[in-house]
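Look for chain A in each of the two complexes below; its partner is chain B in the first and chain C in the second.
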Partner chain A sequence: MAAIDGEVAAAQPCDAATRRSCEFARDGARLNPFLTAALLLPGVVPAAALAQSMPDQGLFSLQYLDYRDWQPGAARMTVRNPSLYVMTPFAERYTFEGSLVYDAMSGASPLWFDTLSGASGLGVTDYRTAGDAKVTRYFDRYSIGAGVAYSHERDFISRAGSLDARWWTADKNTTLAFGFAGESDYIHPSARELDNGRRHSLDFLVGITQNLSPVDIVQSNLTYATGHGYYSDPYKTLDQRPGERRVLAWQTRYNHHFTVADATLQLGYRFLADSFGGDSHTFDVAWAQALPQGFTLTPSVRYYTQGAADFWFGPPFPQGFVNGQDYTADTRLSAFGAWTAGLRLTRTFADGWRVELSGDFYRQRGDWRIFGGGSEGLLPFSARWFAASVSKTF
Partner chain B sequence: MGGEHELLLGGARDPDAIATRAIDDVLRIERKYSRFRDDSVVAAINRAAGGAPVAIDAETAALLGYARTCFEQSEGRFDVTAGALARAWDFGGKPTRRPVAAVLRDALAHVGFGDVEWDASHVRLPRVGMAIDFGGIGKEYAADRVATIAQEAGARHGLVNLGGDVRAWGGRPDGSAWRIGIRHPREERALASVALADGAVATSGDYERFVEIGGIRHCHIIDATTGEPVRAWQSMSVIAGLAIVAGSYSTIAMLMQDRAEAFLANAAVRWLGVDAGGAQRGSFV
Partner chain C sequence: MRRLAIAMLALSCAACATMTPPKPWEKGDLARPSMTIGSDPLGDRGNAHVYESKEMTGGGGSVGGGGCGCN
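Now for the complex of A and B:
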């Protein structure tokens, strides 16, 4: 190797010895070889930053949600919902999680998205109380959790139990999750007696969380739910739905943290196939921007679109109804597209307190559907919700 | 490990105990990888040059793996076996003239990471006189480990500065970002400052160790392919997520000389450099 001048060496184009660097020049924007190599060094990144394991702090959170929806010329449903969540480690290797929710609903319909004029009861006020509890035992490379949930309304009771297991690799870069839940519901509308107002369902989940780098994480979950029983709307005349339902959902989320901007891009997609016939797609994008003084501002946009159920018929009511066949005019089962725009402001304090305010605005229209035609003859539907929460780690 | 060091911790119940653990690890790395200590792993590897393979642990193998990435990405300019070149230039001896061509040629013959025989458990330097020096990597690696140790021990906020290579996490305890000054390469003042909650800033410069020969500054950053000190930049600072990554970019950018800007543009990192004429290039904005 001759002691040639540095400038001469630097000016040489790509040759055999430097081909790798030329490839890097092309790939550099999407692949950081230094980071890839650095992650093989022991201890340059906290394991906790890479994947979840046993939490070492508890969390207490109180949230208040205010929901309202409307259509042209009519305010409809209002929901006020305080909720409480507690998570705490105990006895070295266990965590307990519990939550309580109380909903106060009032408005023209007991169903948020119902737009079928005349088919609802008169003004309705209802309350829902719900709670769940879960205990998780952590081992070195896996965890096992068991939980129960209960929800009660004037005309609806739901009980559920769940089991889940998580397993992670030694470097905690990969986590696999398996879940199983069973749910039993009892529907007893005030307006009329049902012959058999019961519904049972089983849910299965497999999921993977993979850290691609300290700043990239991807999570993908596949869930399958199968149920049988009473799925019709007891408050609607002529509502007759199949006695069993199977739903397959695939959800993938990807987060990328931009160190330079100190911000995280959050992308999500969910595909849902429903034996009722209404497949849906959900696309999410959010940008969580860290700001000075511990603030984080997160604008988000969501697009949702679904097809109509096989047995859905649009106005005029009761078009398409044949006695003895499945039928619904519930607009929640129509074909539509919907946009949600949201903004969330969070402030984190040094002593573990965290305050969050958020607002979301939702609008759905039949002609915003993609992957197929939208249902016709329905008024646009709008909703907005505000939430405030306070939480503290301990 | 030369230079000034600093460790700030916040949000922890027992910062003194955490700091002690973190500093112990820095000293451990220093003992293990210093080429100036006879009992270090590096000294054992270098003593065995030209002889039998030396057994190494996973950490040392991982550092060699990182060194390979630096070697490849810099097209051989960044080479942990460049110790013979530093000896030939002998900056510590305050030389008044360049090494003669034959000395430099001989030194270059003892440089070449590509010739090092190593795997996950052993390393062998093939020629007597070859030497490894993790000086361009170890300090930044130690800074990243300090951040990890402190975070895992519960320090939610922190900043570690090992001789000018800075790693920060969690912002300041009051929620604001850490503010990190960048030293001016020629004057006793800050060139710029950067706000960073989580991440690292590393600076390489021709002012750390150098000699002037015939009115020309010869700094300790030597292109291992030519044996010549670099001259295109007075200093180069880079922001990245990890100190070790920021340090590699800043040093290799110095070594890339005229091609530094293209190299850094490809890497999509924020950087700020001062060129040989004293002009600022790049931006932290």
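Now for the complex of A and C:
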């Protein structure tokens, strides 16, 4: 969530033409927004991406991410995000995983229809600290894991617990995964008191990973999340969203290795149906090309498209508002399409060290939507983020 | 829009049916980091974090597994 800080520069008022920028400037500061529920929390659902049998090595990884977004002539938001991940086997049949993350956000926040800074022109800063821990017990043909997660911002606290089980065939070519998680969130905005700023949700997951051939692997996951409680944005004037939400997502990822080229094609697709309205499709493609001296270069492209929420209304604000009915002007709930172009350079060393640099450029426009028309009257939105990481197996 | 999701599901099933799973000694390429789905926990989380703050909804991708049974 967000809080005001007078040290941050002010920006111009947020009119219809710059509304998208204005909202994103502020929403960018809110890297755990109401909409995302707790699916985002590390450890809420089985997050480990390791081999299905007991890992024989530990992994330590440290990453620093720098994020900025902008719009023509509009304010910018900056996010700096260091994070740490550790996984280690212990007691022969167990693994421990844990991560810590810290987000520091700052930027100008012209909140024309917000209750935060209004005409005062004060900007936004916020921070988020989050951590999770998980222990997994491995058996000959299956494993059981239990995890907890906690995330804290100035005006948002989330707690979660998860259980997962995995079962694999004798030849270890097929793995089934089942997961369950429960979250409890508490929202206490700095601008005003809520009568009941709580939200509870449950997540269910079933997935399969299949080795199709010596050079083909596919993973398919189905997740269902259901929650009730406070989903509105207390910082948006007139924002009123349903008190229940259900999200069904199906994601499939497929990798193929080309032996002659010493390269891997990585494909991904996700379909997501949301009770708020606005089904979405996501397509990913990447090419990981091995190079001499232990380098790997991976260009990638992602396309995303979504429909608008049933209760979203475009500019001019507050067009479409009817007292007592659901309403939002949050542009994240509008209809749009988005492209991401990314490039990742990895250097692997013989002693288990690995260094990686990556950069991604993101652009979002209403007229880039497919499977329907995009929302009108909103300016394009752009973002870029760079990441540097170092990891070591032990 | 949902017809596309059904088509993608059917395509996935068809692909699975036409291939032969590898023997234990054929998993060398599957053990490569580039072939391991979700081999970069922090990188995947960072990207998911950005997208979920800029788009309507997220999730659906986190699950254990993705390994090749190479251990």
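Side notes on the structure shown:
As a convention for this text, the second predicted complex is superposed on the first by the 328 of 394 C-alpha atoms of A that agree within 3 Å, B and C clash if a C-alpha of one lies under 4 Å from a C-alpha of the other, contacts with A are read in each partner's own complex, and residues count from 1 in each chain.
Just so it is clear, a contact is a pair of C-beta atoms (placed from the backbone, for glycine too) under 8 Å apart; a residue touches a chain by one contact, two chains touch by 3 or more.
From a predicted model like this one, the values you see are computed outputs, not experimental measurements.
Of the two partner chains placed by superposition, only chain C is touched by A:Asp360; chain B is not. In the superposed three-chain model, the partner touching more residues of chain A is C, compared with the other of chain B and chain C. Once the two complexes are laid over each other on the shared chain, residue contacts for A:Ala329 go to neither chain B nor chain C.
By the document's definition of touching, neither partner reaches A:Met105: not chain B, not chain C. Judged by the touch definition given at the top, the superposed model places A:Lys172 against chain C, while chain B stays out of reach.
By the touch criterion stated above, A:Phe349 is placed in contact with chain B alone, chain C being left untouched. Looking at the shared chain after the overlay, A:Leu378 reaches neither chain B nor chain C. When the two structures are aligned on the shared chain, A:Ile187 is found in touch with neither chain B nor chain C.
With both structures placed on the common chain, the touch criterion links A:Val215 to chain B and to chain C.
Shared contact residues of chain A, touching chain B in one structure and chain C in the other: 24, 28, 32-33, 35-37, 40, 42, 44-49, 56, 214-215, 259, 290, 348. Chain A makes touch with chain C in their complex at residues 24, 27-28, 30-33, 35-37, 39-40, 42, 44-56, 61-63, 65, 67, 69, 81, 83-85, 87, 99, 101, 143, 145, 164, 166, 168, 171-175, 177, 179, 203, 205, 207, 209-223, 225, 247, 249-255, 257, 259, 264, 266, 269-274, 276, 278-281, 288, 290, 296, 298, 304, 306-307, 309, 332-333, 338, 346, 348, 356, 358, 360, 362, 364, 371-372, 381, 383, 385, 387, 389.
Taken in their complex, chain A has these residues touching chain B: 1-7, 9-11, 17-18, 20-21, 24-25, 28-29, 32-38, 40-49, 56, 214-215, 259-260, 262, 290, 292-295, 347-350. Residues of chain B that touch chain A in their complex: 10-11, 58-59, 62-63, 65-66, 68-70, 72-76, 101, 104-105, 108-109, 141, 144-145, 147-149, 151-152, 154, 156-157, 171, 173-177, 195-199, 223, 225-228, 230-231, 239-242, 244-245, 248-249, 256-259, 262, 266-270. Residues of chain C touching chain A in their complex: 1-2, 4-5, 8-9, 12, 15-16, 19-24, 26-30, 32-71.
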